[in-house]
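Quick heads-up: structures coming right below.
The following pair of complexes shares a single chain, chain A, combined with chain B in the former and chain C in the latter.
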Partner chain A sequence: MTVIEAAESLGLEVLTGPQGLPRTITGACASDLLSYVMARAKPGYLWLTIQVHPNVVGVAELLELAAVVITDGQNPEPATLEKAREHGVTILTTPDPTYAVAGKLYGLGVR
Partner chain B sequence: MSLWRADLHVHTVLSGCAEPEMIPPALVARAREVGLDLVGVVDHNAAGNAVAVVEAAGSNIMVLPGLEVETRESVHLLCLFDAPAPALEIQELVFAHLPPAGRIARAFGACRLAASDGSLVGEERRPLYMATDLSVEEVAREAHHRGALVLAAHAHRRAHGLLGVLGFVPAGLALDGLESGPGGLQPGFLCGSDAHRLSEIGTRYTVFEVETPSVEELRRAIAEGRFRPGLSL
Partner chain C sequence: MSYPVLGGGFFLAGRAAAETKRRLREAGLAAELVRRVVVATYEAEMNICIHAVSGRIHLRVENDRVKVVATDRGAGIADIAQALRPGFSTASEKARQLGFGAGMGFANMQRCADSFRITSEVGCGTTVTMEFWPRPQTEETGP
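Now for the complex of A and B:
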């Protein structure tokens, strides 16, 4: 599944990094501890989080994640969006909580 | 220059998770007993007992009043001041950015206001155990604006540590230093006990080489590496 397919299936809004939408999702993780994500996530992962700090972009870039989904209607800080645009990191948002998004993704075959 | 043995991370009964024994005179007595010269009094999102500890300390020991603010990212920042007034100012800002009181979660313990003689004079009913909606950058900026020394508390901890929660020190975040923890000493990191009971005071400490332990001098000492963290477990 690609990021754009996931975004369409789940109704995610694309905030930054549209160039990343054709990327294939290789897996996913859901965590709000950036240190945990840095230790566990792999390139091509989709990352679900409620964190909105600019460091989210740093982690996504460092690990070459497919995209970040900011859940639960949390609004990324302006500095986060700016950094994401600058570094070409794809950020998606949804009003749905992490639990629901993870469940739907799992049902769609992202394991 | 002289050496100041400091524990900049000590709680009082105003932190619901602290033991009832953490009243100002007992805290000061224990700090003296274990050979501390300087104590930072920081309660979760509150500075209401800092004045009482300053008063209880008299001229026996130096006390930096402050608070341990929980940011929206769930990171704990220590904000320490030369005097109580700016600490109480930041407390007002923090209170304005906490969620509404609602139900008091007894599981987190009562938050008690104490006088310098140790008597309990009130209860803080705001949800001090919750996160504010201020970012790490906003807290650091507001605290610095009021003359604070801003430190990342127990930076390595996954629960509320800057490095645990945000992975690495954010670019451009104006921090004066980082406290290590949990675990052993880390080069370049300060050490504080995060004492919630008397027996923990001073078990993790930092020796600073400064003339007097003002915020400004401590900041310079950290920047210039004139400090040495220590464990006394």
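Now for the complex of A and C:
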């Protein structure tokens, strides 16, 4: 499944440019602890979090994640979006809580 | 080469790790090795940002071996064994709310590095020295 397919299936809003949307999702990680994500997430993963600060982009870029899904109706800080656009990191948002998004993704075959 | 790291804030954190990644890529090192160095360097950089006044990350690449030395001026660590215990953290409430200070940093560094050394002097600062080399493909390589 690609990022754009996941966005369409789950009704995620895309806040950054289109260049990262065709990327294939290789797995997913749901956590608000950056060190946990550093330890667990692999290239191509989708990261579900309620964190909204610019370090989220730094982590996503270093780990080469497919995209970051900011859940629970949280909005990324302006500096976060700016950094994401600058570094080519895809940011998506949803009003749904992390648990619900993770469950739906799992059901769609992202394991 | 070495990169300065400012203490007292997390918002600039990650630059040394990003620069390290770029250099290692240029050097043509294997992706799993680069990944481990980058994760460990990010954690070391984050520790300096959260806990120290200022610091530096030194990077040395020799063939396919990488050495990272993260050194800072700051409060230092009185009880290193306690600091290394997974889950232990002295990070501020603010840092924790942002998802830092989970007490996983040193655990991540130790898992990623093939050699890990830490020395600290209370009132002066802390130095973390890590070395990395390629691991056999059959081994679980992810941290």
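Keep this in mind: the second predicted complex is superposed on the first by the 110 of 111 C-alpha atoms of A that agree within 3 Å, B and C clash if a C-alpha of one lies under 4 Å from a C-alpha of the other, contacts with A are read in each partner's own complex, and residues count from 1 in each chain.
The definition used in the following text is that a contact is a pair of C-beta atoms (placed from the backbone, for glycine too) under 8 Å apart; a residue touches a chain by one contact, two chains touch by 3 or more.
These numbers were taken from a predicted model, which means no experiment stands behind them.
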| item | value |
| --- | --- |
| Room on chain A for both chain B and chain C (clash or fit) | clash |
| Which of chain B and chain C A:K42 touches, first, second, both or neither | second |
| Chain B versus chain C as contact partner of A:D32, first or second or both or neither | both |
| More chain A residues in contact [chain B versus chain C] | C |
| Chain B versus chain C as contact partner of A:V69, first or second or both or neither | neither |
| First (chain B), second (chain C), both or neither touched by A:Q51 | both |
| Which superposed partner A:V59 touches (first chain B, second chain C, both, neither) | both |
| Part of chain C, among the options 55-63, 91-99 or 109-117, whose backbone runs into chain B after overlay | 91-99 |
| Shared chain A contacts, counted only where both chain B and chain C touch the same residue | 32-36, 38, 51, 53-55, 58-59, 79 |
| List of chain A residues in touch with chain B within their complex | 32-38, 51-55, 58-59, 77, 79 |
| Parts of chain A lying in touch with chain C, wherever the complex brings them together | 32-36, 38-39, 42-43, 49, 51, 53-55, 58-59, 61-63, 79 |
| Complex interface listing, chain C residues touching chain A | 10-11, 13-14, 17-18, 21, 31, 35, 38-39, 42-43, 46, 98-100, 102, 104-105, 107-108, 111, 142-143 |
| Contact set on chain B toward chain A in their complex | 72-74, 135-137, 158, 163-168, 170-171 |
